[in-house]
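Once you scroll down, you'll see the structures, which are given as structure tokens.
Two complexes, one shared chain (subunit A), two partners (subunit B, subunit C).
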Partner chain A sequence: MSIGSTASLVEDKAAAGLRPGRLPGWMRKTARLLLGLAVTALLWEGSVQLFGIRPAYLPRLSAILAAMAATPRAYLDGFLRTLAETLIGFAAGGAFGVLIGIAFFRLRALREMIFPIFVVSQTIPVIAFGALVVLWFGNTLLAKAVIAFYLTFFPVTVNTLLGLETVDPKLVALMKSFGASNRQLLLRLQLPTALPHIFVALRLASSLSLVGAIVGEWFGDTTGIGVLLLQAMYTENVVALWGALLAAALLGTGFYAVVAAAERRLVFWSAEQ
Partner chain B sequence: MSAALPSSSLAVQRGVLGAVLLVLCWEGLARGLHLPSYVLPAVSDILAGVWSKRALLSEAAGYTLLEALVGYGLGCLVGIGLAVAITMLPVLRTVILPAATAINAVPVVGYSPLILLWFGIGVVSKMVMVAMAVSFTVFLSTLAGLDRVDRRAVDLMRSFGAGRLSILWRLRLPTALPLLLAGMRVSTVRSVIIAIITEMLGAYGGLGWVIYQAVLQIDFVQVWSAIFVASAASLSFFGLIGLLERKILFWK
Partner chain C sequence: MREMAVIIQRDLPSVQAALQTSVTPIAAGSPEAAAKPLLELRAVTKSFGPVTALADFEASVAPGEFVTVVGPSGCGKSTLFNIVAGLEEPDAGGILRFEGNSCHAADLLGRVSFMPQQDLLLPWRNVVDNAILALEVEGMPRAEARAKALKMLPEFGLAGFEKQYPHQLSGGMRQRVALMRTFLFERDLMLLDEPFGALDALTRAMMQRWLLDVWQKYRRTILFITHDVDEAIFLGDRVLVMTARPGSVKLEQVVDLPRPRRPEIVTAPEFVRLKRTLLDAIEEESMKSFQSAVAEEKAK
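Here is the complex of A and B:
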């Protein structure tokens, strides 16, 4: 539990920094976001010019964007491929995490037997695990999704369990006294109470599943952001490397923002943020 | 805490039982179905592999741990330093926080090709990668801890004439300590994993390099041996920082 709960705390702060303030109207938010991006772009372009930073370290933003525009096909294909791997791994890991979290909550013996193994499984370097997964599943989209799944399920399990344990026992007793079944108890009280915690983990998992997908692609593939990164490294093409990094950043923040938006819709009562 | 570190003896017994069952199932599956080693080698074969390659594996583990420890130390220093700087000079917050978030937008492993190009394939590039990964986590948890201070306590200290430094030292840091140490504990496992991942892309030694070589040679007993050693290294690092945490936070 210790690993996940702190991670969620950390993630909370990251979200606070990432998300534009709670201003009325999505247009103001978008405007602020665009302004921030424009300022960053100007600073990047300006400082490279001003300090004469060598392109081997940091190329000009315009050069990177031009390189991306010259071969849009490779970046688009890579983006979509990595997106698919990330989404499948994330969905599977999220669902598995919530289900196992509920099972652990219901069956204490099961939890005490298996939870330590889960903790140890997280110390296995994903790269080593990835080598085996690619061997088991072949060099397929599925293999990458499995790696993303492996990184995703643990924080979700931990936070589901944590959230379910915050349920007020008096409320459970009250609902039971009105004859609520176990299923009603779960759907109407326990899961809604746990939902804020689950979403904290899902936000963390959104970043982790992308890591899994990218690392998975390093075992040999032909399309994907991870492939672009490796190819750029082998050819020492720093401009292409930064292009792949920008694509990864776009995918990462975009996915994160979608999960955070879903959270705001579904956990509308949460005072957090 | 209760789930990760079960306190009652029944929980410990069940945990041990779970581990034993897992090992027995694994061993039985691998032996009973005669699984080839590239699918799943038996646990006993892996342990034998660890023993027979102990010189190679311990050297690699030492190499990886050196990278992870130096990077970890650097990352903690940077993370704590930045968080303290922001608390002392709130003006910095508007600069450092967005910059840190922007850098963190790219998953940290994405930077490893770039860092390898910049710093070469020696130990330095791995230390930088580990430091980057660790510093962000430690930075955020320290900042969360420093911000958690009770306003009234700050006002009280100020009314007795305490300066910013003494408020930081006597109030904010002790208050932040539990979160800071929790962030440091979480980062231990990450630091070893990041070192190994970066080694795989290019290195002169280390567990990641051993794993990659073994994959290329299709020697899967050695892959698993290296995984076992890496896992043991991460767990002992995790345990060490956890122990330090309990010593420092004696009041918990």
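Here is the complex of A and C:
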């Protein structure tokens, strides 16, 4: 006997999203986003001219873009340099956070020994810590990556631990009844369960690692978005300051979007439930 | 049909010796009677601190047999299952035998296919990958396990759904995926803990008939927990009624209804007679557990 007839109960979600005569969802979303950006740019440009805002407070967007286009090399180099520092710090912080989270989950004693130290480390202001790192590593790319790492590993550790602890004990019992080893439990059950929590932390870490990289550059360097910010500040060049801000915004938003896209792909189940 | 059923009333532990001799002739109705039991529990006790969940629990399951267990809520059914699944060790003194050898509960890990109440599907795995979870844990290559599962899909009413994820399935289908996972983990003994408890009545009736078909085809031994007396009689070769906590076997009832069983059988006079006997026994135990709960309340 078969009971396949209940099969028809399953909702066909794919069909609902593809009605004829309309653009696919992602295209509509992108179009709306671009429209929003265009409106904001127009408002910016228009209100500066309309209300006669002095360039010292808010320059016109077109002036900022023109200044950036005049010296594209500086912005491009700075962007790439800061991107590299951010990525290295983020990757190291993410990997370390997940590994330490697993270690804390497995070894209670280790957690009780080390976790309080982690908490204390996070209460040290990043500026104070940054000075120390520069003393240790000099004005290298590594120094900036270390500061980015310092800001990112903690939220990832906490959320990995949190995620691992949400595993349903009944599922653990089921896996054990199949004869699963600890390694199989970790890879097939615990880590996938923790993944949504880990991604929440990674999204946060993507912004924090950029902060770490920029702050690191303030301790001394010759390229980077942080350097551009600092130079503009000293020379009171408001247009250059806004140019550096835009570059930082572009980097931060882009990175965040990439992490969020990876999250949507990898933890598809928690979004759809 | 000659004597419908033989009922053994177990009120005193001292009757146990007499019981063991009387169990054999009862089982003579089934072809497996001659074989030695696949699973045997003797004087199994389990307590959690001051609470005794199981006390002197006695049961044996013959190869190929379908044994159902009913009892009032909180009677230690789940504790019994956790012991047989190898997840919980009984207190010292009891005897646990599997395939004739005495063993620890932990030795049963990986040797019994266990299906808990909830379907417990992994949301990140599609139907096929959920079904092969146990095979993967055993170390079978994924491609081989998937091929095996794909062949089984139609029988479980899941043909064409192999790529779907659990959140896209109905409750009945999810339950069938969980059952398929249990079936694919080929062990001599299958433990099913109220697998249809969360389903609506119609789906449940269909699933019961379907389970009997699959069981008859694969000839596995099944120990099946339920709180539904109809289900226990409809499915089982034998029904064990448990006492209120601490749980032990109050009544062992052979179900002598012919197989294959038609759905209409639930209104047959033999069925109703069995049901009355079982309900009386359960009622008595439910009252006991209710009264002791009230007494506990008063004591506070």
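Criterion: the second predicted complex is superposed on the first by the 246 of 273 C-alpha atoms of A that agree within 3 Å, B and C clash if a C-alpha of one lies under 4 Å from a C-alpha of the other, contacts with A are read in each partner's own complex, and residues count from 1 in each chain.
In the analysis below, contacts are C-beta pairs under 8 Å (C-beta built on N, C-alpha and C of every residue); 3 or more make two chains touch, one makes a residue touch a chain.
Because the structure is a prediction, the values reported are computed rather than measured.
Participant: Just to be sure I read the superposition right, which of the two partners does A:L189 touch: subunit B = first, subunit C = second, or both, or neither?
Facilitator: Second partner only, subunit C.
Participant: Quick one: classify A:F115 as touching subunit B (first), subunit C (second), both or neither.
Facilitator: Only subunit B is touched by A:F115; subunit C is not.
Participant: Tell me which partner touches more residues of subunit A in the superposed arrangement, subunit B or subunit C.
Facilitator: Between subunit B and subunit C, the winner on subunit A residue contacts is B.
Participant: Would you check which partner chain A:G179 touches, where first means subunit B only, second means subunit C only, and both and neither mean what they say?
Facilitator: second
Participant: Answer with first, second, both or neither: which of subunit B and subunit C does A:L132 touch in the superposed model?
Facilitator: first
Participant: Indicate the residue numbers of subunit A shared between its subunit B interface and its subunit C interface, in ascending order.
Facilitator: Residues 1-3, 6-7, 9-10, 13 of subunit A touch both subunit B and subunit C.
Participant: Given the complex with subunit A, which residues does subunit B contribute to the contact?
Facilitator: Residues in contact with subunit A: 1-6, 10-11, 14-15, 17-19, 21-22, 38-39, 97-98, 100-102, 104-111, 113-114, 116-118, 137, 140-141, 143-144, 179, 182-183, 185-186, 189, 192-193, 196-197, 200-201, 207-208, 211-212, 215, 220, 223, 226-227, 230-231, 234-235, 238, 242.
Participant: Which residues of subunit A touch subunit C in their complex?
Facilitator: 1-4, 6-7, 9-11, 13, 168, 170-171, 173-180, 184, 188-189, 192, 195, 267-270, 272-273
Participant: For a test of understanding, state which residues of subunit A touch subunit B in their complex under the given definition.
Facilitator: Against subunit B, subunit A makes touches at 1-3, 6-7, 9-10, 12-14, 17-18, 36, 40, 56-57, 109, 111-117, 119-120, 122-129, 131-132, 135-136, 158, 161, 207, 210-211, 214-215, 218, 225, 229-230, 232-233, 236, 238, 241-242, 244-245, 248-249, 252-253.
Participant: Over in the complex, which subunit C residues touch subunit A? Could you list them?
Facilitator: Within the complex, subunit C touches subunit A at residues 82, 85-87, 109-114, 116, 118, 120, 122-124, 133-134, 136-138, 154-155, 157-161, 164-170, 172-173, 176, 185, 203, 206-207, 209-210, 213.
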